[in-house]
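Given below, in the form of structure tokens, are the structures.
What follows is a pair of complexes built around subunit A, which joins subunit B in one and subunit C in the other.
This part shows the complex of A and B:
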């Protein structure tokens, strides 16, 4: 896909305006509680302009940039799944009165969502969740209702985070497909511009509605340089080519007990993971016995309830729960869905309260094998 | 339509406690009329004058056992009750008053009371489950009104209450909170603490105090090691685990481990 246009800061604002004019709810990165989270945005001033982050295992800090970049940071604690696969979702409620029982399905929202600043790893995560929720015999209607008609504005990362390893997973940092428009931000002493690639007809129409011009050869070189620089600056790496077999032949490895010494089984890694999709359902009833409802909630394979069957939890030990999560992510996801379940975004490393690092765990198991 | 059976009889009992959990029942302002409509509140000193008579279908028990008299009284309550639910940290873990378990009651009594010989008390504060069988334990200091309504609703419907034993972290993530430990370096007991409060403190940029006591499978040594790295020293760790749920086994054990190591230098 070739770069087709250049827009200015005003052009990015015009893009937000254009999307809103076309009925989209515009969602993107913004500053809150000393982090970059996803929320509703209306103007480029809502973006974390001039901010960046510093990330390591169990550690995240905001820092001021030396420039005014709109997208000069890596991914934060949120992922787009909070919009497409909400953490809490009432599925239906039922009313009981003298006339009998009436079940009322919860209507899905109808607003069109535009995601601004989607990174390449996140586009891969969307594709993975698409496979989980939209393919096969059982399509999830709630995910579909939210996913259909999304407008994706990708951003090619201008900076690698301290826990990023998309290069290892083949998921970035340059967005190759799955977007409507993709921006590469060029910011230096003399200019602040965005090289735009078009990824869809909807993207082309939208570009037509905002002021833009053709890129100069110099701007195209600068955009390429941004991606090349990010590629070379990954905070983490993981040898991923044979990890599927590596983990499956080490299911009884001592490292699982080692990581269990550190793991808090808090579930944070699964909640921040952009591909983790497990849920449970919770029923409630009111005091009068007239109304009940069923709510779907994000669940985590790190809880005891997750593997509870008659008689107890199948995965009582922490090592068995960590192993379940990591082998699913890196091994059995291939068997189940045909791809890895990990996109190398690094969230599980940064947001683990005790900094457990999936890349380090893989390396430890790999290095223990005879060469 | 099934004919309504007689309304279940509810009793609310107080042992050694501050009354805060009982008052949570009165705080259920929106649901109070529905509760009064669905159950017969037969014994509730905070709300009505009444006496112990007959049997109770549901007993909510607040407070810990700190006197021989109360140790006998809880057995009487148990004998008269079909479903016994403890409410709050005192009833489920011994409460803040379980700090006496590490101290001398005589020493305290001699300082606090003009006539310590009038004081008749046990050397320990213990949870209800140490004395009688408990059907369900509702956590919290104080309990959440939302969870109390859930427990009563579940009792009335004959189902299990939904009060997941996972970490407070799950509640933070469901709410979209930014982790204050990761992003701010604020020490937080969320990863080892039982959910239920709705992550109130982290939502206001404060570390979790562990009011709901230990979650299922808490990894205390790992939690302590990380908190130590964030600047909490050994005496600080001991104090952190010795609050409202000081007597809960994982918190007690961990606080003692740090106290021992502190003394050993």
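This part shows the complex of A and C:
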């Protein structure tokens, strides 16, 4: 896909306006509670303009940038899954009267969602959840209703996060497909512009509605340089080519006990992960018993309840639960869905209160594999 | 994801805390009676309480009667067993892979059941006995906690009178009136009469019991590829969305609950997987 156009800051605003005019709910990064999170945005001033983040194991901090970049940071604690696979969702209600029961599926919202500022790793995460919810024997109608007709405005990362390792996972930092429009932000002393790639017919139509011009060779070079610079600045790396077999060979490695000494089984890593999909359900009833319902909410393999069967948990120890999580992300996901369950976004490293680092754990196992 | 409505038609006590419930779908049209394969399970909801996986324990030749045998162990299962005839139950299913019935043809069939594990094996027995001449020897080895815990007692008695099926029942704890065997069910394998080279084994029960049963079957000379197990894991969805039933590389609700032993051998040997 070739870069086709250049837009200015006003062009990005025009893009937001155009999407809203076309009936999209525009969602994107914004500043809240000292973090960059996803929320409804209407103007470019809602974006974390001029801000960046500093991330490391168990550490996240916002800092001012020297420039006015709109997208000059890495991913935060939120991911797009909160819109497509909501943390809490009523599945159905049942009405009971005189012995009769009528079950009504929860209606899904009908608004079309536009995601602004989607990173390449996040596009891969969307594709991974698509496999889980849309491409198996059963389709999740709630996910489908929210996912269909998404407009994806990707951003090629101009800065690698301190915990990112998308290069190792082959998921970034440049978005290759799965978007409608992709922006590369060029910001320096003399200019502030966005090189645009078109990824779909919907993207082409939208570009036609906003002011744009052809890129100069110099702008194209600058856009390439942005991606190359980011590629070279990954905060973390991990050897991923054989990790599927590596972990399956080492299900009884001593390292699982070692990490269990540190892990608090808080489940933060699963909540922030853009691909983790596990849920549980809760049924409830009103006092009169005339209405009952089922609600689904995100669950975590780190809880004791998760694997509970008659009288106890299958995975009672912390080491078995950490092993479940990490082997699922990096290994058994391939057996189950034909892809990795990890896109190298680094969130689980940053948001772990004790800074446990999935890349470090893999390396530790690799380096001390019993032979 | 939305349950259909079934009505509880009949309810029989099948042991302490165990009830067999016959359900009938309310919205059923003749053409869409849910055909099920022996070994499959359904998700049953008590409205306002919750939903749990329960195996079909009825005759696959009579699919309109959805028969489930349930032990009351917690919130949902006890609510299910307390329901009165006529009550509405949420129904989703059938789910999962069943017993490999095609593989049983012309072979000796060894069925090893522990406790409630006999429930998901009963549909297989119905199928085998309905077409008895297609199979070699049929052996049922069944272990219960105590004599009063023996499931489907009158049915077992009537099958016992047949000469074309060998049934051995053992209990962990005998009462003074018990004249039968005492001990664990895997111990019955060595004494059973079947040809290990041409036998296929179907095993269901608590995981520890299945480990021992598999060891006994292998000692007797049955190949790993001829041993099938029905696994149990926590389940919240039955359609590979909730993640709860993972067993290493597989989802028990999707690839299971019935697995060929050689396909999960490595996992079965691991603790806390």
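By our rule, the second predicted complex is superposed on the first by the 368 of 371 C-alpha atoms of A that agree within 3 Å, B and C clash if a C-alpha of one lies under 4 Å from a C-alpha of the other, contacts with A are read in each partner's own complex, and residues count from 1 in each chain.
The definition used in the following text is that contacts are C-beta pairs under 8 Å (C-beta built on N, C-alpha and C of every residue); 3 or more make two chains touch, one makes a residue touch a chain.
Note that this is a predicted model, so its numbers are computed, not measured.
Visitor: Contacts for A:34 in the overlay, against subunit B (first) and subunit C (second): which applies, first, second, both or neither?
Guide: A:34 contacts subunit B only, not subunit C.
Visitor: Tell me the contact category for A:272 with respect to subunit B and subunit C: first, second, both or neither.
Guide: first
Visitor: Which of the two partners, first being subunit B and second being subunit C, lies in contact with A:324: first, second, both, or neither?
Guide: second
Visitor: Touching A:66, do we find subunit B (first), subunit C (second), both, or neither?
Guide: neither
Visitor: Between subunit B and subunit C, whom does A:289 touch in the aligned arrangement: first, second, both, or neither?
Guide: both
Visitor: Looking at the overlay, does A:88 come into contact with subunit B only (first), subunit C only (second), both, or neither?
Guide: first
Visitor: With both complexes superposed on chain A, which partner does A:42 reach: first (subunit B), second (subunit C), both or neither?
Guide: neither
Visitor: Please report the subunit A residues shared by its interface with subunit B and its interface with subunit C.
Guide: 282-285, 289, 305
Visitor: With touch defined as at the start, can you tell me which subunit A residues reach subunit B in the complex?
Guide: Result: residues 32-35, 37, 58-62, 76-78, 82, 87-88, 98, 261-268, 271-272, 282-289, 297-298, 300, 303-305, 318, 350-351, 353-355 of subunit A touch subunit B.
Visitor: For subunit C, which residues are in contact with subunit A within the complex?
Guide: Those residues of subunit C that touch subunit A are 1-5, 45, 47-51, 73-74, 86, 88, 90, 232-234, 236-237, 239-244, 246, 248-251, 254, 270-273.
Visitor: Residues of subunit A touching subunit C in their complex?
Guide: On the subunit A side, the touching residues are 91-92, 94, 96, 99-101, 103, 105, 132-133, 136-138, 140-142, 248, 251-252, 277-285, 289, 292, 294, 299, 301, 305-311, 314-317, 320, 324, 327-328, 332, 335-336.
Visitor: What residues on subunit B touch subunit A, complex-wise?
Guide: Per the stated touch rule, the residues are 1, 31, 34-35, 37-38, 149-150, 152-154, 156-157, 159, 162, 164-167, 169-170, 173-185, 188, 190-192, 205, 216-219, 221-223, 225-226.
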